[in-house]
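Below you'll find the structures, each written out as structure tokens.
Common to both upcoming complexes is chain A, partnered first by chain B, then by chain C.
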Partner chain A sequence: MDGSDIGLWGVPLAMLAGAIRVSTPFIFVSLGECLTERSGRINLGLEGTLMMGAMSAYGTALLSGSPWLGVLVAAFVGLLLGALHAALCQLPKVNDIATGIGLMLFGTGLAFFLGKPYIQPKAPNLGALDLGAWSSIPQVQQALQVNPLFLIGIALAFALAWALKNTRWGLIVRLAGESVDAALAIGASVGRVRLMATAVGGAFAGIGGAFLSLYYPGSWNEGLSSGQGLMAVALVIFARWDPIRCLWASLLFGAAGAISPALQSVGVTQGYYLFSAAPYVLTLALMIATCSPARSVRGAPAELGAVK
Partner chain B sequence: MNTALERIAVSTLALLAAAVIFGLLLILYAGVDPFEAYALMYQGAFGSWFSFQNTLTRAAPLILTALCTALPARLGLIIIGNEGALVLGGVAAAAAGVAVAASGPLVTNLAMAAAAMVVGGAWIALAGGLRQYRGVNETISSLLLTYIAIALMNHFVEGPLRDPSSLNKPSTPPIGDANMLGTIGGSDVHWGLAFGIVACLLCYGVQRFTTFGFAMQVIGGNPKTARMMGLNVGRYVLVACAAGGAAAGLAGMVEVAAVHGKANASLAVGYGFTGILVSFLARHHPLAIIPVAILLGGIGASGGLLQRRLDLPDAAVVVLQGIIFVCILASETLYGRSWAWLWRFRAVEGR
Partner chain C sequence: MIDKFNIGRRALLGGAASAVAFGLAGGAQAQKPLVVGFIYVGPRDDYGYNQAHAEGAAVLKKMAGVKVVEEEKVPETVAVEKSMESMINMDGATLLFPTSFGYFDPHMLRMAAKYPKIQFRHCGGLWTAGKNPMNTGSYFGYIDEAQYLSGIVAGSTTKSGKIGFVAAKPIPQVLRNINAFTMGARSVNPKVTCQVIFTGDWSLPVKEAEATNSMIAQGVDVVTCHVDSPKVVIETAERAGIYTCGYHTNQAKLAPKGYLTGAEWQWEKIYVDFVETMKKGGVPGNFVRGGLKEGYVKNSPFGPAVSDAAKAKVEEARKGIVDGSFAIFKGPLKDNKGNTVIAAGTTYTQTEPVLEGMNYLVEGVLGATS
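This part shows the complex of A and B:
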């Protein structure tokens, strides 16, 4: 503990800080998955995209000295992986769930392979905005150090929600997800719409990966992502395919992920690993609560077979 | 048209495509001659009796974990929680082994296997049950269960089950040298391989020759028809998932009883994830799992040699596996088309 001692108040405060810090990759990946699924396709490979994004962002930042260039490259790499997934799924008889698992293994492996030289060196960080300067308590100041990507993520959630609802483009994406016949009737190419939605969704996930390696935890190593990419899929189901609810759900998951380090910081070390499983247990519990064998989940795109 | 021939032709084509893509990656990124790399891989996997034994030792857990995906796949479920069932099976086996360590090797090994299979089976049956009775997507839930399982393993190994004398690498107490699972006469390959092969034969027998297996095929083909025929789909889902999980749990027991002698973080080295790939590559066919597992065990065994001789990162093997997986999945699209081409080819040959 540094500075003043605020006792057990540290736990909720650390969880708030965690919600702000840990949630950013969740926001980006879940928004990407949300967009993809709204167009009627599921992408389980975002875990691999996240790792590739993290690796390429770190490598670019290291070589060019500019972390923001790294974010751009990560988005581009994510775009390519998303497009690859979409292109494979468009072949007849190819299963999109299995392809997602395949690309998850491929992306993770490729990130480890190409990222080997970047494990040791230290790349420049993205930096943070000090929104807690008004407070005299160091923990509060620390908790309110906000990365610009977090704010961009929030803006993106609202922008995506607005675009899906109010633009012609959003209408076509929703049509591709709700009724292929209707989309064909207005002359939209379902394949191309899904390709674009999956590619852009991949780009979002790549940015989420860039946040992991360039801000928090802020280094590149092989244990960087622990299933955030997959948890985002569950999170989208929990958020019932609504970008704004994705944002709230991401904050909740971030807070759950911060429980175990927060408890450790106030001296509770019992059951560290059990608490570290909290986000997964939470995801599973939420899925059990929201799913039903008899009907499809409320708000599910009708053409999305994978989640019934 | 012979569908077995079609399967082999399409799979071979996909493997060749994967080899070409990986070769290009080696040339472009690492500047390594791919032919040299493949020659080294062959040498490291099958080149000598020593390396072949290493390959077979790695194939044993792959065969068992592949069944964890293959059996539910028969019913149309995609289960990817193999790694979780493996690590929990390993922990349960280590705990059981320590508890009865004094009662002789046979009893100890039986107790370990039983504990591992029960825990692994229950773990995957949970994912199947959630799918059947709550409509939770089994792919996502089984993967979440894997992360929970690894957290549980860390908890047990560093907490309640920790051997106080294991300082650097927290482990459970050793089960004792006398209780270790032996090797198959004259070789260094442990009995886990035999367990795997017997399990595959058993699964094939049940699927091919029993009404239970036929019912599984009906459910996998069309669950609605199966329900109209009066089949209790939920029961089949639970049994298939439990059997698959039990096989993966047994893989954990084999790793503990034949390789490590105790449970620790070395259990979670990815056999479960590679097992998913084995199952898909074998198209979920129990007999095809055996050669595919030996092939992928060989790729894994050659990783060390690639690292030493060509200075490639150890993840090279994972990349190759990922490329193979994607190529195999994409090759699904060739089924039903390639036969026309092959048939023409045979007609020309016959003339």
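This part shows the complex of A and C:
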């Protein structure tokens, strides 16, 4: 096995590979949530949207034979669920946290129900680009098999950051999140802005789901998400509502998730339960490190009820 | 016990009890079907553990005078007690199969004490005479025999000398499978090592894919698993172009190129037997075990990549296991820390209870139980 035996170097490489493979759903869901929260609305239902996206993408790819059509349908389903959340939240005296939890349970339950016939069949996969063909080391080649959605996710993070900062549209979204009065003063309809931001945010989460079922791990079943949608929502808070930081945080989470199998595969086998908990420990540690009794959460949109 | 309840519940329980009595006399009352309850921890079409049981249940459904009630996705918590109670009280089930490992203690044992007339048979639990009630019992297949044969195929097929095992939790049944698979591989090629990765739970698709990928990165070229649904592991391995051995059911469809063989359950053998005993007015066995010989387990048909030499070796080992001339676990056997776990001269037959408490990984396995 000359050349392929790279020993402990396998761990950082596996973490990089893990970050590339595992982080895409985190990127899409956290960007979706980031956009939604910047408009002043919180959507805890993205876990449900993720599952609905995964299920509808898998079902569509299976029936049509085209995985990319599945991605589109997942985005559309996410759009509808996001719009539903936004519409419900616009009714008077409706709490968006409670609605979000309701929609999370609704989305997962509906996905399980409608997804029953898709557990067994095998749908076409999205496939990957071989960006590691230049290397002679098989591990590097394997690590650099990149799905186009991952690249789209990175581009989306930068595009979203730019758009929020530099476009009129971004300004209005931020205004709706920071000060309803100011948004009204320039004649923007806060309700409509939030509706659109939440719907688009849902569409992102749907695409994240499509990645799960159509690329990695690449099949539909009921344990598919195991809370990734919820973790991505938490991730937005310590990414300080910044799309670029959401991207880094997602990559970090992906890498943390790859620690346990990577260490076991090179022979570090003691305490793998502890390593399996790495992403959660990381969340807690980052939360503790960034909190302060002296100020409220920095970077939080002022109109966001949850963190006031 | 009924006195503790108020009138409404008493009436309800009374009704249930008569339904139970009625059901037990199934042979005489042919018009009243025997109701059999199945409880699964996951979806029953998962290409895995639950599907294997559901296939057994499907055979029962075709039998005359038998009604099957099923519930899927029941967690290993108090929820399973509620499922059992509703099957007993609402559906009139008199024979229950809670199939997941964690259902046994304390949930099934608690229900068995509450409903002494109902028969509970658990898959995989270690039923102990004298300690556990007589209306409970356990059944299991010695699937390690099939794993040993899969291991022979894996050991004959690997080019790198590294095979891999994605496992959920380090419980005895899983460790026994890992050990048998490794020993099978090393029986044909003593240089083979088997890398094991524990994911921590029965169904974590992302972790399973990650575990498979990190083993592939280490040069592993044959992989098998012991998780609820092998689908993710098998598909990930097939995509990477390495070989796989299946588990629970036949996954050849998922990996037409790389699927070598697999260790499969044949639960219908046990279920049909139990139900026929019940219909005759008897009680199913409390401790039912069997392997290749009894037909409780089998291997999937060989895939295209399996050599004739490997097939011949499998056939030879199978004969030895079936006629009893060959035992998988015999001394001297060392664990992977160098300790002797079975002394020279000791041979454990499959029924040996010591084997059901296995807590070590044998020499040649890379990994640790904690």
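Heads up, the rule we're going with is that the second predicted complex is superposed on the first by the 299 of 308 C-alpha atoms of A that agree within 3 Å, B and C clash if a C-alpha of one lies under 4 Å from a C-alpha of the other, contacts with A are read in each partner's own complex, and residues count from 1 in each chain.
One rule holds for everything that comes next: a residue touches a chain if its C-beta (ideal position, glycine included) is under 8 Å from a C-beta of that chain, and two chains touch if they have at least 3 such contacts.
The shown structure was predicted, so the numbers you read here are calculated from the model rather than taken from an experiment.
Trainee: Which term applies to chain B and chain C once both are placed on chain A by superposition, clash or fit?
Mentor: clash
Trainee: Using the touch definition from the top, say if A:Ser189 reaches chain B (first), chain C (second), both or neither.
Mentor: neither
Trainee: Touch test for A:Thr167: chain B only (first), chain C only (second), both, or neither?
Mentor: A:Thr167 contacts neither chain B nor chain C.
Trainee: Answer with first, second, both or neither: which of chain B and chain C does A:Ser136 touch in the superposed model?
Mentor: Neither partner.
Trainee: With the two structures laid over each other on chain A, which partner does A:Ser66 touch: chain B (first), chain C (second), both, or neither?
Mentor: neither
Trainee: Once the shared chain is lined up, is A:Tyr273 touching chain B (first), chain C (second), both, or neither of them?
Mentor: The answer is both, since A:Tyr273 touches chain B and chain C.
Trainee: Report for A:Thr99: first if it touches chain B alone, second if chain C alone, otherwise both or neither.
Mentor: After superposing on A, A:Thr99 lies in contact with chain B but is clear of chain C.
Trainee: Just checking: does A:Gln264 make contact with chain B only, chain C only, both, or neither of them? Give me first, second, both or neither.
Mentor: Second partner only.
Trainee: Tell me which partner A:Ser226 touches in the superposition: chain B (first), chain C (second), both or neither.
Mentor: both
Trainee: Would you mind checking which of 74-82, 128-136, 236-244 or 254-262 on chain B runs into chain C after superposing?
Mentor: Only 254-262 shows clashing C-alpha atoms.
Trainee: Would you mind listing the overlap between the chain B footprint and the chain C footprint on chain A?
Mentor: 112, 116, 222, 226, 271-273, 276
Trainee: What part of chain A is in contact with chain B in the complex they form?
Mentor: Spelled out, the residues of chain A in touch with chain B are 44, 48, 88, 91-95, 97-99, 101-103, 105-110, 112-114, 116, 222, 226-227, 230-231, 233-234, 237, 271-274, 276-277, 280-281, 283-284, 287-288, 291-294, 306-308.
Trainee: Quick one: in the complex, what on chain B touches chain A?
Mentor: 29, 78, 80, 130, 132-137, 139-141, 143-145, 147-148, 151-152, 154-155, 158-159, 273, 276-277, 280, 313, 315-316, 318-323, 325-326, 328-330, 332-333, 335-336
Trainee: Note which residues of chain A are touching chain C in the complex, please.
Mentor: Residue list for chain A touching chain C: 1, 4-5, 10, 13-14, 17-18, 21-22, 112, 116, 119-120, 122, 125, 138-139, 142-143, 212, 216-219, 221-224, 226, 228, 257-258, 260-262, 264-267, 269-273, 276.
Trainee: Can you name the residues of chain C that touch chain A in the complex?
Mentor: 42-43, 45-47, 73, 160-162, 195-200, 203-211, 213-219, 229, 231-232, 235-236, 239-240, 253-254, 366-368, 370
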